[in-house]
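Structures for review follow.
In the two complexes that follow, chain A is the common piece, with chain B as its partner first and chain C second.
Here is the complex of A and B:
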């Protein structure tokens, strides 16, 4: 089912000045209910401008953003609701914590939605649980927590609005490998339990390969390609040409195939192991 | 005496109940390229700040090129020898034109104007940013900004540069640009580099890797020596390069850290299988 649709979207920065910059060039994109969609592209390719349009943070200069069949800008008074339904989490969201306690910070969103105390309380506790934090943290100041914990609190604040679509801009940037693995597990678990549609931007192809059902590749304000990770990483060489990295195993297989092998392209280590074992096993049975 | 020496250094932040660095001893020679890895909170950044005297030890001593970092009167000498690049490219640019930003350091050191001109041009050429010398920094990409910051340090002619997760906020291209610039400084000018990173594929490009955990050095050696124990790396909250993970999961007992090495090994392993 179509959840959100972007039609013919264009956006120019500093329009009408000598610094004019075309950030988005007639983008068409459909986001489906329940999917995890990764948006990749090099710096300046238009990723952040695109996701800023999804909840009306940017107003489309051309084109429309349609949420559940309705133009999000059709009724300006309704835009606030759209922002509750499409939860946007910026890069380094921990810089946006501001309340005295973790509880208040997470409750800020639901409070603004006009929910009653009981419902707010339920949501705060549930979001905290989704982010794997214990209840004893609720009374603490978010500023006394570690960087990784702060990020989880910031994310919990968005989950507490129970968005239909969760949009994450580089959710794991700056985290160490263990913290990154942990946060991805929590996000995945949240997704399984809540069925929320997730859109995330990432530079880490290893992470994208692990998490995404579908990938959108941006280049110079346009969608260069979109499809399943399998399909996208088949074009490893092209991805590298437009300034993107591909998972290390994908590169290794590419090099093997350039040396005369005919192995199925892979993007995850476990798949790579299987393909190599098959190649060995399959051939061995002929001997 | 080594270029950098930590002698039984302990550091505790004021108001903290535990030591961030514990009885740490370490020797670094001039010209080394060292990466420092460890999970968040392992003491990496504290170690970095102890090297250039932004922090001084609670116990023990740190010396850099014979200067004890705790000596207040030698602070300027020290800062001149050890430059530091931080994580956020937007937090370390001070001027509105690239070349003015690079000139900021030598100007403050009282270097004569014609010498500054020379140093700025050379530094920008070294990091590949000379063509951007008249541009405004805010229009540059993250990787470009970090290279301008490196040029700014370079213009002060330091003996050592400490990079504290300087690539964490960059995209893959930006990361590579910075890594290439750093390697060049090390190879061509013999500048000692201490490279703190969460990216294991960057860490393995150093000659020597130091693994920190809870303020202690757990491992110190060549990338292969440090990464050889796969399970241990995961337990320390770290990653291993995918090359190694792949080889390990195939049941091959070899510590392979680089892609080309992995390709060669797999070709050997596969032989003619998979060619048909």
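Here is the complex of A and C:
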């Protein structure tokens, strides 16, 4: 089922000045209920601008954004509700923390929704659990926590709004590998439990391969390709041309095939293990 | 937030862009003084014409200048109305409630309004055609003599250039924080004054925290490069005065002289 639809979206920064910059050029994109969609593209390809349009933080200069069959800008008073339904978490969300306690900060979104105390309390505790933090953190100041924990608190603040679509702009940027893995596991787990539609931007092809059902590739404000990870990572050379990459394991397989093997292209490590085991188990095709 | 153009450099390749920034500061000061010196219709017209010629020479679109004038429209209107009712005169035109409006008052009001607009435009020349770094460099150079009085000119100009340098960064940061809080349903333009002030807290606290973080980072980066103040420090771009700078200065002096001279020419009953 179509959940969110972007039609003919264009956006120009600093219109009418010498700094004019075309960030989005007639984008058409559909996001389906329950899917996990990854948006990839080099720096400045328009990913963040696109994401800002999804919940109406940016007003489309051209084109429309349609949520559940309705233009999100049709009723300006309803825009606030759209923002609760399409939960947007920016890059480095820990910089938006401001409250005295973790509890209050997570409760900021639900409070703005006008929910009652009981419901707010339930949501705060629930989203804290989703982010794998213990309840004892609730009374702490967010500013005395570590970077990774702050990130989780900020994310919990978005989850507490219980959005229909969760939009994440590079959720693991600047985290160490262990924290990255941990955060992705939590997001995956959240997805399984809540069934929320997720859209995420990432520079890590490994993360994209692991999490995404579908990938959108952006280049110079346009959608270059979209499709399943299998389809997208087939075009390794094209991806490299536009400043992107494929997962390391896919690269290794490409090299292996160049040196004479005939292996099925893979993009996940566990698939790779299976393919190699099959190949070694008698079906090896080395020439 | 994004329409603050005051103090923003407008890249172009005009005669005014290429002038020595030190001269530009002096020239701007002279022009500002001349705007205050014009008291007659003729001399005001002369000042306005000169300003328009400068606009043309700067190769910065006229609209960009107008954008700078927009925020001060309330000030202009207020001074206009105050002058209209408070300036005394002999020729009373009509009375409004307890106030009487005279020909003299109308003239003064119009004059001051034009003068404010011209002043904004003239000072915009400097900021539109000079990069902030060139500007602070020039100020440092012009204020060198203050060292005699033990004023640390270098530190002051360094602080100023850092402040200028971080204005766009902070504006970016504010926009990001506003968007992030809006995404959590924060509203900034509804409710009464107290509600609006309260709504600023989720912006100001993150902004303060990140400003301090930036300050520490910058201080560390400067110390890592052995920054120890202005002693023995040379500049990458040294400023050289050339013939065209002196010529520009001469023109500025001509403008101020013109403004004074034209004060003595009177047309009709106007002064």
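In this section, the second predicted complex is superposed on the first by the 282 of 287 C-alpha atoms of A that agree within 3 Å, B and C clash if a C-alpha of one lies under 4 Å from a C-alpha of the other, contacts with A are read in each partner's own complex, and residues count from 1 in each chain.
Basically, a residue touches a chain if its C-beta (ideal position, glycine included) is under 8 Å from a C-beta of that chain, and two chains touch if they have at least 3 such contacts.
It should be emphasised that the depicted structure is a prediction, and the values quoted were computed from it without experimental measurement.
Visitor: Going by the contact rule set out at the top, does A:22 touch chain B (first), chain C (second), both, or neither?
Guide: A:22 sits against neither chain B nor chain C.
Visitor: Between chain B and chain C, which one contacts more residues of chain A in the superposed model?
Guide: Touching more of chain A: B.
Visitor: Give one of first, second, both or neither to describe whether A:273 is in contact with chain B, with chain C, with both, or with none.
Guide: In the superposition, A:273 contacts chain B only.
Visitor: By the touch definition at the top of the document, which applies to A:93: first (chain B), second (chain C), both, or neither?
Guide: A:93 sits against chain C, while chain B stays out of touch.
Visitor: In the superposed arrangement, which partner chain does A:12 touch: chain B (first), chain C (second), both, or neither?
Guide: neither
Visitor: Who does A:245 touch here: chain B (first), chain C (second), both, or neither?
Guide: So A:245 only meets chain B here.
Visitor: Inside the complex, what are the residues of chain A that reach chain B?
Guide: For this pair, the touching residues of chain A are 42-44, 146-148, 173-179, 203, 205-206, 243-245, 247-249, 251-252, 255-256, 259-263, 269-270, 272-273, 276-277, 279-280, 282-284.
Visitor: Using the touch definition from the top, list the residues of chain A that touch chain C in their complex.
Guide: 18, 52, 55, 57, 80, 83-84, 87-90, 93, 95-98, 108-109, 112-113, 143, 157-158, 161
Visitor: Which positions of chain C touch chain A when the two form their complex?
Guide: Counting only chain C, the residues touching chain A are 10-12, 176-177, 179-187, 201-202, 205-206, 209-210.
Visitor: Can you name the residues of chain B that touch chain A in the complex?
Guide: Residues of chain B touching chain A: 38-41, 87, 141-143, 165, 168-174, 198, 200-201, 237-239, 241-243, 245-246, 249-250, 259-260, 262-263, 266-267, 269-270, 272-276.
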